[in-house]
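Scroll down for the structure; my scribbles are underneath it.
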Amino acid sequence: MSNVFQLVWLIPVLPLLGFLINGLGRKQVSKTAAGIIGSGTVLSSFVISLLVFLQLNSGNIPKEAFHYFDFINIAALKIGFDFQIDQLSSIFLLIITGVGFLIHVYSTAYMHDEEPKDFAKYFAYLNLFVFSMLLLVMGANFVIMFIGWEGVGLCSYLLIGFWFKNTNYNIAAKKAFIMNRIGDLGFLLAVFWLIAKVGSVDFHTVFETVPTLFTSGSITIVDITGITLLLFVGAMGKSAQIPLYTWLPDAMAGPTPVSALIHAATMVTAGIYMIARSNILYTMAPVTQCVVAIVGLSTAILAATIALKQNDIKKVLAYSTVSQLGYMFLALGVGAYTGAVFHVMTHAFFKALLFLGAGSVIHAMSGEQDIRNMGGLKKYMSITHITFLLACLAIAGMPPFSGFFSKDEILAGAFASSPLLWGVGVVGAIMTAFYMFRLYAMTFLGKFRGTSEQEHHLHESPKAITIPLIILAVLSVIGGWIGIPEIFMHGGHRLETFLSPVFAQSNALIAKHHISHTTEYILMGISVGAALIALLYAWNKFSKYQKTDKEETGLGKVLANKWYVDELYDSIIVKPLLSIAKYFSNVFEKKGIDGLVNGVGKAVNYGSRQIRLIQSGQVGTYVLMMVLGILIFFIIQLFL
Amino acid sequence: MNAIIFTAIWGVVMMLGGAFIKSKTTPKYLAIFGLTVILLLNCLEMNSGMPLFAVELKGMLDFKSFNLTFINVAYGCTLLFFLLNGRDIEKVGENVSEYFALIFFILSGVALISTFSSLLILFIGIEIVSIPLYILTGSDKRNLKSNEAALKYFLMGAFSTGIMLLGIAFLYGGSDIGTFNINLMISGNAPMPAMIAAGLVLLLVSMSFKVSAAPFHFWTPDVYDGAPTVFTSFMATIVKAAVFFAFVRLFENAFGSMHKQWQTLIVILIAATLLIGNLTAVFQQSVKRMLAYSSIAQAGFMLFSLFALSSLAKEGLVLYAAAYSLASIGIFAILVRMKDYTIDGFNGLGKQQPVLAVTATVFLLSLTGIPLTAGFQSKFYMLMAAVQNGQHIWLVIFAVLCAAISAYYYFRIIQAMFFKENNSDVELAEDITPAFKTLLVITSILIIALGLYPKLLTDWLYF
Amino acid sequence: MEIKWYIGLAVALFCTGVVGVLTRRNSIIIFMCIELMLNAVNLLLVAFSKMHAASEIGQSMPSVVSDGQIFVFFIMVVAAAEVSVGLAIIVMLYRNTHSVDVNFLNRLKN
Amino acid sequence: MSITEILFWGLSILALFSAIMVVASKNPVHSILFLIVVFFTISGHYILLNAQFLAIVNIIVYAGAIMVLFLFVVMLMNLNAESEPKKHRMLQFAGLISGGCLFLVIISAISETQQASNMVLMGGGESGLIKNLGMVLFKDYVIPFEISSVLFLSAMIGAVVIGKREK
Amino acid sequence: MDPKDYWITFPELLIWFPLLAGLVAFVIRKDKLVKNWAVLASLITLGISVMSLLYADNTKHFYLNNVSYYWLQNLGSNFSVGLDGMGHMLTALTAVAFPVIFIATYKSDYKNANVYYGLMLITQAGLMGVFTAMDLLVFYFFWELAVIPVYFLCSRWGGEKRIQATFKFFVYTFTGSLLMLVGIIYVYMHTAATPFAEHSFSMNAVYSALLSPAEKNWVFWLFFVAFAIKMPVFPFHTWQPDTYEQAPTSTTMVLSGIMVKMGVFAVIRWILPIFPDAVTKFDNIVIGLSVVGMIYASLIAIKQDDLKRFVAYSSIAHIGLMCAAIFTKTEIGLQGVMIQMFSHGINIIGMWIVVDIIEKQTGTRKISELGGIAHKAPALTIFLVVIALANIALPLTNAFVGEFMMFSGLFEFNMVYTVVALISIILAAVYTLNMVQKVFYGEANAITEKIKEISLNQKLILAVLVVFIFLFGVYPQPIIELTKDTVAALVTKIK
């Protein structure tokens, strides 16, 4: 066992340190210091994760989790504060710390207009996020994972609402948090269910014992399905799937790097990580898998359709993220776990790149986000333009860019389980290509449509922005080559071989279905071809786009308004809830319960007022009462 | 025996003193001195078991330490009453020494009815207690309320005497051995013959009248309200407690063996008394009248001793008598000094007279039955006795609910004293001497001491 | 003579007194009715004492018989005392209100 | 029907009649006189029962002292029929009914019991004689006797306190 | 094993010292002086409690933590007090809370401060007594002793509608405790004899009282109503918002921080062991009520505009969960309650401190009138946000551990309740974030313009609380270690 593993705990702790320093000393530290601390910590944990990865790659893998201290330790339940390092988590570690680092660097430039203490605060939050995300992926049991899980939710809340003076941003942040919360409840319930059934939350224990318990019958298929479904609810919230996806587009209120890091590269993929982590459970619950696949696919399509009509550069990217996430869930649903993870990785590269590029554009346009007021930017900001184009190609799934490999793998998996899924998937892919290039064309091609004073200080962004762009561009070009399918190159899929131990159990259960190479070629051809056509169509349609103020009509309007989903939620959930609350607090509480309580008091008062009238002051009455009393007593005593 | 003889004699002394002593204040000191001596003599008799004069009792009286302890309690409270209210008695009218004399006669009556063992003594004792009370009630001659109270009290009192006598007559006729001795009257718990039953009911009624238990309580509010406040204080506390003691002793010794046969009547009495007393008190605006009703409510709790009729209950009764008397004497003593008897009259007392307010709070808390006060212990004993008895738990619950209501009206005064402001800065209370304050403080300390450690009292009851 | 007749008579007189107390307003008359009640009781007691005299207990211990009559004696004593006080009170009230009507006594109520 | 029974019934009816008249008659003076009659009849009963001492005391104390006192007071206030207005009927009626009920209840409770049919020793019996009662009174009942003095004292003081005019 | 005859023991110290300190406070006339005296005294009490925690191990130091004196032998009641795990934990909470409260409200001046602080300290003594009582009668005494001073505190120094509100509170709780008294006596009458008396109030005797199931079923309610009112559990809660709104904030802190725990504590200490069968019989009703209460209170909290009422309702929701968790009778649930009792105390006191600061500075509690405090007073905001997050049980805050365990206990009991109860967690997020947003974010308005950053000692106090929040959020084990014996004993007793 190499001593690198003794440093594992540093990976999350370093960003935490960064958070503490920047957070507590936000008044003292200068901008540069804050930037250096922020990025430096993440960089160093990246280095460590790299070392860890190399260790794993060289085949020495820690047998069990690293135990640090007891979190909860009672007779009924033991939950340690444990980290688990295996292939899966190491991949994610690399993505998080790597992309995270780049985005930190990017941010130093992007946020430089902020006041020093806000600047420091921003980096503090960013580090805190990285810390939580690392907890999420390193946690060796569901509870630690959940800690990270909610932690990232919190950070996204804080960062979306970073400019807290703007109420709409706060509301967006709140929405994000609450929708995540809804998902988290699913997660929690699943955990409780596990505790009740398995009596443990450790990944090792659970994944070892569940199959045996299942065969022994002490866990039924119902339990497993329930648990997995509930976990998936959690994933829905975190990874913005139907019906809990609406928060993600609103989350674009946050600073662009945040959108890149949290809402594209890392946090939103937590759901995929979690399901991939507990793949065995899912493999044992086909119903759930089916649900996952369907939800994923429909999300992919729905989001894609919406993206077709969005004009806010970040909104388009947001919806494309949602739809890409949908693809990943599709992959998980059809049991192509490797594919999902693969796509997470590539997506992290190109989507981060897209966002950062968009950020650079917005930066150049001094805050303008509406692509209808852009255009022809390619002659002002070439690096941004190039990298953006590469990213678009990647996401559109053009070979040999990274997106192609991962998406192709997913589609292949889908086809294997049912051609229908594949078909729909392809449609999604086509739309992806279309809206991405609509975006690209309207932004960079044609002639500039913005105001003149926007125009004359258009400029290429500084190094700190462009370098990350370039690095990411490279990655999103070559990133896919670690997963070259069999048909091109035998043993080319290094990722699969690397990850295979993680999914060993599931793969044992899944019947390995082979698609003949010819079919695979055909599929590939169709999807790529279709996408290409859509791409070219969008290219020349929108490169000569003119600003028109004619209203969208028909389907276009519906799409532009995102299928009115927000309005729907508002009217069937939010409003009724609020009115009930209103009724309770104004009527039921006051009139009902408290009314009852006070009613007793009133009754006593009333009784008092009445009963004292008997005290008439007349001796005659008094004596009469006495005599009556005597009579009653006599009757009771002598005749009853 | 000492108590009876010497209180009677001292009454005569006070009476004659009235003829010779011109000073208004002297009788008070005379009375206080005399009562102290008598108290000591009674203690002496308790310890030695020997009275100064050997009188052949002929089964008329019974001086077991239990009864003597009660006499101590009653006399002790009276002493306190003298100390606190001496000045106010002087204010009532001219015939100060006569008032004291009457009080002493009442005390001898108290001693009689707390030691009687013959119905004859009970009858005479009750009359000795009542007749002077009629007079004291009417002693504020110019005040029509006082007159009215006196007449009402007298007429109804005489009426209830009639009832009582009829009852006694039936008992005499009904008991096979034709006796007035309560210990021999009945034995065994065979279903009682009709005449005994009739006698029992009539006695029950007349005694309930004397202790103002509903539905025979009607005289109480008017009389307590009309009588001069000092004497209200006296008759609402010591006298009432004494009559209660007699009540319990009568029914325990005479009818204890057939307790179950008449328990129902007691249950009705308790329920009615608690309900009416507490409910009616809620709405009163005059503190004096409110206290009158509250005394009815308290009687409801004391009746539990009759309901249970166990040793616990009897201890409880003595404890209750002490606690209730102490607290009421205290609160009345303060009331007497108040200018305005309405609850608003107490507004802002806490600022003007902190000592009065705080002690008054202790008294009221005790009357409410808040722990750490004697009031709680006594109620606690009563409830324990009742629960121990086993039947009619609903009655116990009903009782505590009524106690909750009682909190409602007692706390109105506390609120007035501490939490309400009085706009004018006139004196709320008059001639508050340091001695008076000290006495009040001592009283409240007594109450709390009893509340923390009731054995102070209960241990005396048997040895 | 059976005791029940005496009981009947005494109770009848007693109840007449009660009715008087209930129906009259003149406090003196009410007071007289109360005296009537007391006398009824006296009669009853004497009758009972003689009843016991007839029984074997009475034969064995004559005190049983005399007890009742002594009691009557004491009742008379008490009654006398009561009367003196009662009339005094009534007179006092008459001095102040020039009426002996109990219905005028309602300053104290509720 | 023996002579005693005849006397008993006669006296009883007279007693009841005059008792009712005490309650019924308007004029206070009349009620007093009727009350005196009642007392006399009751003394008669005492004599029938051979309780001579009580018979005498009854006449002296009640018919003599007490009733005269009453008479004085009534005269002093010169109350007459008109001076008492009607109590309203409702209450009178209720009083009548409840009083009657009381009577019925007690009688019906007691009359049927076997105790109620005990015989009363008419005429004979020594214990009612002054000699015997005197002995008992001063031997067995000395305590109550002495104590009743307290009662009288307090009554006396009371009368003084109440009666004395304030200066 | 240590000698039996210590001249004084921890429970005694914890009770008598605050009591004496309170009595002393009455006679100190100078306001400043009495203020400092109160702080000092409470700090000393804290010291004592910390000491007692060092000797918490009852297997070694039994006679240091338990003592019994003759009191009313003839009734079979002795003045016996003792500290078990739960007792230690709650006395510690009480000991921590009071200095925090005193220092946090150090700025605010009261008329006749001596009376004020005297009563406060006496309240502390009463609370200590409740948590240490090992004799049912003694428990009842302290139960009342703790309430009476609070009654006076609230009605004397409270808001304008204080008298009615407080009086309602008093009569409500008083009725409850009287019913409990009947229950106590009834149980007592069925206990075994002692050398001195035919029955006994001592804890063991009471635990083994011979009650028939039927009797247990109704006596249970006599006890439960009293405690339900104190906690309070829906629908007995209506006194709470009014009282919290009207009471002076420091008293409100005592009420909501500690006094509320009296109810929870009492249920665990007395109801569970005495009426296990009845608990099992009625668990569905009680848990149902609690869960409904959680949702109900949370919904109302969404609509509250007054910060104090807001906190009150959110507290009701939290307490509902505790009550439900107790009645699951599961080890994990009860353990969760133990942790949550402490955490809730800390968090809600913190919440009140912030509310108090805001009210003191702006003169209003209306959420609608506030806003934009964040950039006027960042430190305050950060503290509040942390506390708010603890309030919605975010992981790594102390509340999470407790609620996690309670929920998982509840889940073991019944899944449906858990789901419903969890909804209230969402609602908690909704109303808490609403509040944070409306009060602290957005643009500052006329009222909040003049807000200044909080003073150093306020910072320190809040910092202490925040440290607690995170310490027990990350490493709750100490509390678990402290209380797990109690829980184990309970669970075995019930099973």
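Going by the order they are written in, the chains are A, B, C, D and E; count residues from 1 in each one.
Just so we're on the same page, a contact is a pair of C-beta atoms (placed from the backbone, for glycine too) under 8 Å apart; a residue touches a chain by one contact, two chains touch by 3 or more.
Given the structure is predicted, the values throughout are model-derived calculations rather than measurements.
Under the contact definition stated at the top, the chains bordering both subunit A and subunit E are B. Of all chains in the assembly, those touching subunit B and also subunit D are A, C. When you average the Cα atoms of each chain and compare centres, the chain farthest from subunit D turns out to be A.
Between C-D and A-C, more C-beta contact pairs are found at C-D.
Nearest to the overall CA centre, using the mean of each chain's CA atoms, is chain E.
In terms of the distance between Cα centroids, subunit B is separated most widely from A. If each chain is reduced to the centroid of its CA atoms, subunit C and subunit E end up 66 Å from each other. For this pair, subunit A with subunit D, the centres built from the Cα atoms lie 104 Å apart.
Separating the centre of subunit A from that of subunit B, both taken as means of CA atoms, is a distance of 79 Å.
The centroid of the Cα atoms in subunit B and the matching centroid in subunit C are 27 Å apart. Chain contacts: subunit A has residues 601, 612, 615, 617, 619-621, 623-624, 627-628, 630, 634, 638 touching two or more partner chains. Counting only residues that touch two or more partner chains, subunit C has 3, 7, 17-18, 21-23, 25, 30-31, 47, 49, 51, 55, 58, 65, 67, 70, 74, 78, 81-82, 85, 89-90, 92, 102-103, 105, 107-109.
Listed for subunit E are residues 171, each touching two or more other chains. Listed by chain label, the pairs that touch are A-B, A-C, A-D, A-E, B-C, B-D, B-E, C-D. Of all the residues in subunit D, the ones that touch subunit C in their complex are 4-5, 8, 12, 15-16, 19-20, 22-23, 28, 31-32, 35, 38-39, 42, 45-46, 49-51, 53-54, 57-58, 61-62, 65-66, 69-70, 73-74, 76-77, 79, 83-85, 87, 91-92, 94-96, 98-100, 102-103, 106-107, 110-111, 115-122, 124-128, 132-133, 136-137, 140-141, 144, 148, 151-152, 154-156, 158-159, 162-163. Interface residues of subunit E facing subunit A in the complex, by the touch rule stated above, are 168, 171-172, 235, 237-239, 296, 299-300, 302-304, 330-332, 335, 372, 374-375, 378, 389, 394-396, 401, 404-405, 407-408, 411-412, 415, 418-419, 422-423, 425-426, 429-430, 433-434, 437, 440-443, 474-477, 480, 484, 487-488. Against subunit B, in their complex, subunit D makes its touches with residues 106, 109-110, 112-113, 115-116, 140-144, 147-148, 150-151, 153-155, 157-158, 160-162, 164, 166-167. The touching residues of subunit E, counted against subunit B in their complex, run 71-72, 74-75, 140-141, 144-145, 148, 152, 155-156, 162-163, 167, 170-171, 174-175, 178-179, 181-182, 185-186, 188-189, 222. Chain contact summary for the complex, subunit B toward subunit C: residues 120, 123-124, 127, 131, 134-135, 138, 141-142, 144-145, 147-152, 154-155, 158-159, 161-162, 165-166, 168-170, 172-173, 176-180, 221-222, 225-226.
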